[in-house]
Each structure stands twice: as structure tokens, then as C-alpha cells.
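Shared between the two complexes below is subunit A, which pairs with subunit B and subunit C, respectively.
Our next item is the complex of A and B:
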């Protein structure tokens, strides 16, 4: 029982490779929708309207305080029930949609906080200077604020994205077939034998993807820092 | 919405809070000294140990916690059974409280994350502080105890708060190890009566309140420890 069966390990590893795309799809689509929601939340947070500000701050707090699993179940069981009140049937919807909705709202809350703190780290004079030389408000944000905020936000953003990848493994609890679900299925097909080999293979896959992502963000950090330095020099 | 069921389940779920809090407090209690040791070992870059520990932290941070739970829960009990048999113990492994396995996973997990916090906190303390303490004749232990740690703690506190909130959220996965915590009770109640959404709203409320409380406590600690903050002479 304690021995490690190498052939089983490689066998599982090979079978698991076809489950990598679904995991990456969750990551990609969740990020896409989270990035659409984030500017809206940041705008509310920095705006003058008190109610909107309270709402977006509350949204972040709620998203930060809810376990992923609970949010996943709430969305999966709650949304169809909510929509059935209006006579819309969501039960036929793919589970992928629910997973993406969950992670989008969870991470939009987080990203908006990262973006806000990055924005506040930029000296106020930058914005004033840009406005005084006659840039429009939108142009100031796009050309002056955003590039600087991005440099500050990248490390936190990277951590959050890696956390999102790891949390996507919970999607199997509502029956979506990604890496974790795939492993469970492979295990079930061979009646739960050799769990150590299967989970080690899965761990190595996740570890590999995480290290890869970490490298990418390190690289992004270096590039943006170099660019910033160059623009300061000239 | 079945409000009667909701309030009944809420009270049932409250019984799970002690379990969650026991897991959280024991995990913090065990992993704090471990994390400080690991953090210092990595901060000082002790040969060989540094490499081993960085692989360990990288692995823990690169794999989902649900996977770590399955990995431990599927292998440790059988190993323990063989070990106990070999030393001639009469204890039946399967009678043991599953909290033990939960503790193993969470301690391993939190130690890795916590050690990173310790390491980064130690790095924020100015090197001159250490040198100055040495020149006035403090021993190495005293230097750490009186000079380095009080300053490092200040910068670590927000991170520790995030860590504990993360741990509380992570305990919601302990149901995978048959630990009877908040999530497990809600899941059983929900499964019995098909009132999923009501049960999960209860869990959502409980976790939300728990996390808000932790954040409020840490806000107060943060204000109190501000006085240790190193002031740069201007």
C-alpha cells in the first residue's frame, strides 16, 4: 500500500492532460468577466456618490469573507431559483457558466480593492499635472494613471490570479469536469485504487502551472519596471 | 424560500462553530512557532535547509488546498495504521477523530504561507537596527526578541489578518475529511430536505460574521501596535 507505483503515476498523468484546458478555460473566462466588472467597481469606490461607494465597499467585504465553496453553491443553487421567480429556466445551463459567474464576482471584488490601493499609491500631483497640460480625464487615466497603477498592482494581481487557478479546483464540487473532477473520475473508474499516485500527478500539474504563471508575472514586473524607469529618464 | 427550515438549520449550523474555531486556533497555535523557525531559516538563507524549505513552500503555495486535503486524507490514515501495527498499538486508526487529519493539512498549509509572511516582515526591518543592537551589546536572541520582532510584527499584522480569514474560509473544505463543521452540518441538512439555497445562505451568514469579527479585532491590534513602528528621522 505504501509503495509508489510509477506506471500508474504516468498513466494518470497522461489521462489528466486532457483536463488542463477546462481548468484554463475557467481561469480565462473568469478573469475576462472580472476585468470587465472591476473598472465599474473602482469607479464606484472612487466616486462621490455615497451609496455607490458603500455598495462597492460592501461588495468587496462580502466577496472577501465568503469561502469559495459557499459562493459556488449559492450561485449554483441560488441563481436558478432566483430566475425561476421571473419564469426563466436556468437549469439547462452548463455548469461552466455558474463556475465562471462565481469566480468572476469573487475576484472582481478582490481586483477592485487591488486597483483602488494601486490608484491611491500614485501621487496626486500626477493626475493634476496631466489635467493641467490639457489631457482629457479619460486620456489622463489611460496614459498617466493606468500604466503607473499597473506596475504597482502586478505583484498582487499575480497572487490573486494564482489563487484563482487553485480555487478553480473546487468547481468539481458542482460537477464540472476540470483537473480535480477528472482525477476523481479516474479514481472512481479504478475503484479508488492508487490514490497517492493520482493525487501526486495532479499536484505536479498544478504546481507546474503555478510556477509557470509566477514566472510570467515576474517577467511582466521586470518589463514594466524597466519601461517606467526609461520613461522617467527621458 | 423556506424560512422555518432556514432558522432551524441556522441553529444547527451554530453547533459547528466550535469545531471550526478549534481547528483554526489549534492550527494557528501549532504553526506559529513552526512558521517563525521556517521564516528565519529562509531569511538567513541557511544552506540546504533553505533549499528544502523553499521547495516545500513553493509546493504548498502551488497546489490547491482541496488537493492537499485529499492527498493527506487518502494516504496518512493507512500509513498511520501500518505504523501503529508495527509498534504494537491497539488503537484503531479509523476510530480517530478526523480533526487530526484536518490539523495536519492546515498546519502544513498555514506554516508555508505564514513563513512567507514572517520572512517578508523580517526583510522590512532595517539592517541598521540589527547592527545597532549588536553594538550596544545585546545578545543575538535579545536582539531578535527586543528589536527585530516588535518592528517586524507591525508590518506583518495586516498579512496575518488575511491569513486567518483565509484559514477560516479554508476550514469550509474540512467536510471532505468528514469533520463535522459548519459546512458539513449545512450540507447534511440541505441534502435531507433539498433546501440547498436556504442552508447555504445560513453558512454564508455565519462565515461572513466570523470573518468580519476577525477583521475588526485585527483593526484594533493594528492601531495598538502602531507605536512600535520604526520612524525614520526626517
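Our next item is the complex of A and C:
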């Protein structure tokens, strides 16, 4: 191919492999904390306490209305300032922590909306029926509501998680070395030559991970749907 | 056995129940009649605490509660004695017919799983669904779903079963199968409170009819009293519109 240096492409590709784990770590840890925060937010949203409800809705609004990059900078520059007021020095903290905090709160806001809408899609009568046969509120949610809401939420969750993976490339702007940061560094070391080869390699890696994630979600969808229709086969 | 006194309930400015009193004895089949919007469903829902009454007293065997401030514990105790059959079945969509029946036994009443499955099968057999243990609600007809709803309510061996228009959401063809199950239950001495528009069922099966309108009980009596010589003008009007002329003489 004219103007495309295959050797350079493979070379960058190989060098980029070691940056895959940091990217996946961002994804994993952000998801972990987002999934811890989400039930809390949903509980506040659906609860009777007005202040908690307002807080949770407000939190979601702020998270949805802040561009990822802006939030990343706000957290990276803002948190240490905030904590220094209390005499806690965060400046030595790894950049990874700031990245994970940013994505956790951003995506907790998003997930809480996905979860709320999925919850509200389940006919309220089933909850009443569960309470009336003596299930506790918690048991009703765990055994009746959650399994059905999950089926509804999976496609949206999948979209959001793939978006999170792609957005993790912004972490390089505060100097965290993940895939994007790694590419920039490789390019800098060879004085910016062969950028197309480098970015093509980068894109291919992102595609690979995304396709894998897509497959996983498709599989999850199929499993949950099959469970609802199990008896056709029995 | 169950006694309600002065039950009041409003939704905002809309006063739905304006002081309803009701007495249910063991073995009673009470049918509540009345035009839509008269508060029949709300009354049943208040009994099972799907809605909370604003005022009123409830006496259930040895439990004596004031409905405007009732503890979770009392609600649980009373719910253990009552079950509810819903107008639109409200089966758990992610559970099979059998699981729908056993869910309350296992997770509500803490009955051992094997025993619960036995009871569940018995109940489904009783409502004529022996072939459908492992079907999901979405694969069953409305009549079959409602019969599961009834099996689910019966499985808990409640003192009273509340039926909230159990046949109103069904095709005319399917109403019969549900009513015959209910008739069978009544014959076995199950205590039931039924809100329905099925006049024949009311006439044949009920031992007491309650006529409600505008949030109050206007009239109560045996089916014979209500259907053949209603005292209140409003009851007469209502029955006239529903029953064929020549079925009764005023």
C-alpha cells in the first residue's frame, strides 16, 4: 500500500499490547465502583425521602451534563485542592485513582438512570403480588424485580460500558499511560513519524476489545432471554 | 373473624371510602357489588395494605389495630392471614406456574422447598393446571393465568382470600373456568371476599351481598334479599341496569 509502512504498523501494534491492561483496569475498576454507587443512587431516587431524591436526581443531572474531559480535569485539579483544605495531600496519589474516580461517578449517574427506567418498566402489580404473598421488600426486588429489570437493562448497559471503554482514552490527557497515552508516547519517541500506522494499530486494538464486549453482552442477552422461555425446550 | 370499622381513604381531595364497615365470618362468601368508582377495589386493597387507609379499625381474630398508625409487624401478621387475587393476575413473569405458587411459601412463609413444591403441585392440580407446571405466564391464556393466581393465593392457606374483579380482564369464553374454580373453593368452605360484576356468581355462591356506592355501604343482605327486594333506590337502579328485566320482581 502506498504510504503505509506495514513494518511500522506491526511494530507499533506490538508495543501497544502492554498498554491494554491499564485500559482494561480503568474499565474494570470504574465499573466496580459505579456498580457499588448505582444501587445507592437508585434507592435514593425511588425512596420517599425528598432530600435524598433531590440529591440523587441532581447528581445524575450534573454527571450527565458534564463532558467527560471536563469532569476528568475537574477531578484531577479539584479533588487535591478540596482535600488540602482538610490537610490531606492527594498530590502524590496515582493518576489512575483520579481516572477511576471520574469514570465511576460519571457512569454511576448514567447507570442509575438505566436502572431506574428498567425498574419502572416492570409492572407495579408484580411487586404488590409479591408483598401480598409475604415476600419482604428486599426479597421482592431480589427475586422478582431485579431479574426482569436486568433483561431490560442489558442492552443499554452494554452500550454504556462500550462507551466507557472508548472514553477511557481521555485518561491520557492527565498523563495516565493507557492505550492512547501509549500511542502518543511511541509517536513522540520517533518524532511524530508514521502517525497513521500508529493510530490504525490503536484503532484495531479498540475494535478488538469492543467486539469482544459486544459478544459478551449479546451472550448475556441470550442467556437471560432463554431463561424466560426455558419451558419451550423442556 | 375479620371486622372492619369506619374505614376511610382519600386520594388527595377525592374521598374514595367514607367510612366503611364490614364483617367477615369463617366460611363466608361475600360479594361486593357496585358501580365503578364506588370504592370496592380500594376497600380490598386497604385490607391487604396495598393502600394505606387514613382512618378505621381492624379486628382480625386476636389482632386489633388502628389503621391510621399500624406497625410493620402487624401488617405482616395480617398479610399472613389474607391473600389477594388480582384483576390482571400479576403473576411473576420470570417464574414458572409452579414457581409462582411456591415463591410465597418458600420466601414468605419459610416452608421447606420440597414441601412447598408438593403444595404447589397440589394447588395447580386443584385449579386444573397439572399439565402446566413449567410454563411461564406469557405462554398461558388469561384464564390459565388467573387460575394460577388463585392457586398462588390458596397455597398460603389464608383465612380469607380477597378477589378483586378476578374475571374482568378475561375473554368471555375464559370467565367460566375461573368462576368454576372459585365456586369449588366456596364449596370447600374457603372464606372469600369477592368484588365482581358476575351477577350469576353472586346469586349462586355468595351468602352475603354488599352493595357499595359513593364510598359507603348502601345495603347488605343475602343474595335473595338484595336481588329480589332491594330496599335502596340506588340498588334497584343498579340491578335493573345489570339484570335482565324478567329475572326478578320488585
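Please note the rule applied: the second predicted complex is superposed on the first by the 228 of 234 C-alpha atoms of A that agree within 3 Å, B and C clash if a C-alpha of one lies under 4 Å from a C-alpha of the other, contacts with A are read in each partner's own complex, and residues count from 1 in each chain.
One rule holds in what follows: a residue touches a chain if its C-beta (ideal position, glycine included) is under 8 Å from a C-beta of that chain, and two chains touch if they have at least 3 such contacts.
None of these values were measured; they are calculated from a predicted model.
**Student:** Quick check on the superposition: with subunit A as the shared anchor, is it clash or fit for subunit B versus subunit C?
**Tutor:** fit
**Student:** Hey, is it subunit B or subunit C that touches more of subunit A?
**Tutor:** When the residues of subunit A touched by each partner are counted, B comes out ahead.
**Student:** Which partner does A:125 contact after superposing on A: first (subunit B), second (subunit C), both, neither?
**Tutor:** A:125 contacts subunit C only, not subunit B.
**Student:** In the overlay of the two complexes, what angle sits at the CA centre of subunit A between those of subunit B and subunit C, given in steps of 10 degrees?
**Tutor:** About 100 degrees, rounded to the nearest 10.
**Student:** Could you look at A:156 and tell me whether it touches subunit B, subunit C, both or neither (first, second, both, neither)?
**Tutor:** The answer is neither, since A:156 touches no partner chain.
**Student:** A:57 contacts which: subunit B (first), subunit C (second), both, neither?
**Tutor:** neither
**Student:** Enter the shortest inter-chain Cα distance between subunit B and subunit C once the structures share a common frame, rounded to whole Å.
**Tutor:** It comes out at 14 Å between the closest C-alpha atoms.
**Student:** So in the complex, which bits of subunit A are touching subunit C?
**Tutor:** 123, 125-126, 128-135, 139, 143-144, 147-148, 227-232, 234
**Student:** For subunit A, which residues count as touching subunit B in their complex?
**Tutor:** 1-2, 61-62, 64-71, 73-74, 77-78, 81, 162, 166-167, 169-170, 180, 195-196, 199-200, 202-203, 206-207, 210-211
**Student:** Mind pulling up the subunit C residues that touch subunit A in the complex?
**Tutor:** 48, 50, 76, 79-80, 82-84, 86, 88, 90-96, 103-104, 107-109, 134-136, 138-139, 149, 152-153, 156
**Student:** Give the list of subunit B residues in touch with subunit A in this complex.
**Tutor:** Against subunit A, the touching part of subunit B is residues 58-59, 61-67, 70-71, 74-75, 78-79, 82, 165, 168-170, 172-173, 183, 196-197, 200-201, 203-204, 207-208, 210-212, 215.
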